[in-house]
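Shared between the two complexes below is chain A, which has chain B as its partner in the first and chain C in the second.
== the complex of A and B ==
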């Protein structure tokens, strides 16, 4: 048991060290292109302002959307923006380039490294510039969290809830991106990911019953934000949060099979 | 070290006729063909060997390397490398191998090589002191000290290959696969890489499997050659044996003071290779006829210079490729 524990600890340390290496190399590469670095930060800020601004505009005409008032929906949107910002910072870039990684044979070198290829393929590229915007996104979550008067438990669980949402969003994207082993061209797949992200950006109650069920059970994107926020507002509404946990496990099992099947299919590219 | 039996890799491709309507049709129906890139390949490579995989483009050399390294999964056959099944991609297996591809880079384009090395240090869990020692040893051997801190995209091809080699050797692999390591390099850079590899092999006795289109690489480095033709093994043996594959023949070059008639029956008999203005010829002569034919040519033609050498491996290779039956 002790040996197993030590082995697991060594592996975690190894992965963390490699991950810091990823961060370091991405940071060095990003710093080579300073204007691009600044532009990405500014563009993300524009996106925040336009998203939050559009909610304000809607609530200037209505007092409630479903059961939520302006502050509640703005809190939800802030949570989703934070999840999305973390997603953009830590994983998103990898999905965009995965198709060319397969088609150009760049995956060859990933497969040669003594570490999980899934980890290297989907966590290799980080956008260091977006870290600044994560802080801003967290600022909006905290601000609107105070506006909706979150209780102590909600404040304590908030980071974990956001983490769970991020894990599910990223895992779903990994499954979808793995289909590039079969399709090779990734543009359509990436647009599919973006469309699903768009759908998940709204609370589950705005969708009709059947759509809501499909997007909660079959492609569980509505669990990413709605499940944690509903629980944070009302602790008796824990079932969707449980569903989020179960969805993460199921998606990882599916990912394991899809990824391995894809690797067996991988033909590399001629030299 | 490497043991393959009946190794086969089958690829499925679809053939699309050219044009707009053919593309439209291919949306609904595609005619697929399967072909064996490598077929029923048996090989055994012992520790410490340096083996050259030779063959024309598309023969299956790189496919074979990719199966050896676990990048692609064989369609059929058994393969064991360092006691592991490569397709299972065991972590410890991957720690003991390295692959350099002359036409692809494992280094990050937008950062200096040294920063990529530091990431590799983390991948392979190399202690700091060992890493520093290794870097200075390799940089010294490859004369690469001056450009370790330059962005990879700004390096010349020769410099890039040197840092690629450093990247692949950092973790002291037991088995190295080199796929066209000198491709595109000028003659001096090719020689530098060859000299380094020879020296490295002499020092470490690391097993090396090499593919190259430059026969000079193979002649300089490999004691054993494996020839692949259409995915099948054509020849497997010592390089000396390969050189005598066409019999005990010599390559003789003659330089003439004036243009010669290439249709002369004498030249036809000995596989003459002329230069563009027909003033220089290379002949393939059986050893027993060497004296007689040379004396005849020297006597009857305006020869200004002549030289003889054993059959160049490049010429053996060309002859075998144009007539594969020679080795069957």
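== the complex of A and C ==
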């Protein structure tokens, strides 16, 4: 048992070191293109302003959307923006590159490395330019969290809930990105990911019952934000949060299957 | 003279044919990249406004009934299909990887090649719009409203001008690759701003009056709100909209020509 524990610990430390190496190379690369770095920050800021601004404009004409008032919906949107900002920073870039990785045969080099190919394919590229905006996104979450008067337990669980949402969002994207193995040109798959992200950016109650069930059970994108926020508002509403945990496990099982099936199909274009 | 025109036409037509073949080879990709986002956006808007109007007990909100709001967003989807299909995302890569060297020798230049591509995608989009509208008229004619031929053709013409404006913007931002490694951020930044300020998310009637007054001096309202209102038959200042768009198209095309001229001096033809 002790040996197994030590082995697991060594593996975690090893992967953390590799990840730190990925991070430092990405940071150096980013610093070579400073205008792009600044533009990324400005672009995300405008996105926040337009998203939050649109909701403000709607609420200037109505008092409630579904069961939520202005502050509750803005808190939800802030949570989603934070999850998506973390997603953009840590994983998103990899999905755009993965399509050409398969097409050009660059995946060969990933498969040869003595670390998990899945880890190397989906965590290699980090976007340090988006780091600053994570802080801004967190700022909006804290601001609207105070506006909706979250209790102490909600504040304590908030980072954990956002992390769970991020894990589910990233895992679903990895499954979708793995389908690129079956396509000649996989860029369109990235647009499918973005379209699903768009759907998840709104709370589950805005969708009709059939759509809501499909997007909660079959493709569980509505669990990403709705499950944590509903629990943070009302602690007795814990079932969707449990569903989120179960969904992560199921998605990882599916990912394992799809990834291996995709690798079996991969023809190594460069060799 | 006739032969020269014929050769010119053939050049453009052949380029358009190549683009059509590319689109039809990667049909699924085209569906996901161009049609999918517009349909998903409409689906989300439909659900959001359904939820909002349920809370308002079916009443009007700021002068819009639920059907009118859905109609607004459906026509916006048509406008975006006609105007925002061309992304120009390969432009920057062509410059960065030195692929534009070919266009400096070919009988068709870089601008002509990309304009022909834009026109070919516009042709496909017109087909898709006609299919979308016919099926919608068959099932949901009450949402689209009564067919008004003059409003319909005027809306089509203005949407085409909006498409030309977007094309010149995409082309100009792509040309910035002479100076910058990545140019997609310029493109996406402009899209985010335009999306918010053009009435693409919410009709401009919902915006504060001071903001709408400022926006009147910009091209933004003519990118979504105005063409939608033209399709709906409730915007009569057609010439004003056309002149506004033409003015901004000329400005951005002028900037593109200037950027191309300056950028070409920096071009190193990487990979040759």
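Going forward, the second predicted complex is superposed on the first by the 268 of 271 C-alpha atoms of A that agree within 3 Å, B and C clash if a C-alpha of one lies under 4 Å from a C-alpha of the other, contacts with A are read in each partner's own complex, and residues count from 1 in each chain.
The rule we apply is simple: a residue touches a chain if its C-beta (ideal position, glycine included) is under 8 Å from a C-beta of that chain, and two chains touch if they have at least 3 such contacts.
Note that the structure is a prediction, hence the values are computed from the model and not measured.
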Joint occupancy of chain A by chain B and chain C, clash or fit: fit
First, second, both or neither for A:208, with chain B first and chain C second: second
Angle at the Cα centre of chain A, taken between the Cα centres of chain B and chain C once the superposition is applied, in steps of 10 degrees: 90
Which superposed partner A:24 touches (first chain B, second chain C, both, neither): first
Which superposed partner A:268 touches (first chain B, second chain C, both, neither): first
Of chain C and chain B, partner touching more chain A residues: C
Which superposed partner A:50 touches (first chain B, second chain C, both, neither): second
Touched partner set for A:14, first chain B, second chain C, both or neither: first
Touching partner for A:187 - first (chain B), second (chain C), both, neither: second
Partner chain in contact with A:152 - chain B first, chain C second, else both or neither: neither
Partner chain in contact with A:112 - chain B first, chain C second, else both or neither: first
Closest approach of chain C to chain B (Cα atoms, Å): 5
Chain B and chain C contact sites that coincide on chain A, given as residue numbers: 33
Complex contact set, residues of chain B against chain A: 11, 62, 66, 69-73, 87, 89, 91-92, 94-95, 97-99, 101-104, 106, 108, 110-112, 115-116, 118-119, 121-125, 151, 179-180
Chain C-touching residues of chain A, taken from the complex the two chains share: 33, 35-36, 39-40, 42-43, 46-47, 49-50, 53-54, 57-58, 60-66, 183-185, 187-189, 191-192, 194-195, 198-199, 202, 205-208, 211
Of all residues in chain A, those that touch chain B in their complex: 14, 17-18, 20-22, 24-25, 28-29, 32-33, 104-106, 108-109, 111-115, 117, 263-264, 266-268, 270-271
Residues of chain C touching chain A in the complex: 26, 28-33, 36-37, 40-41, 43-44, 47-48, 50-52, 54-56, 61-62, 180-182, 185-186, 188-189, 192-193, 195-196, 201-202, 206-207
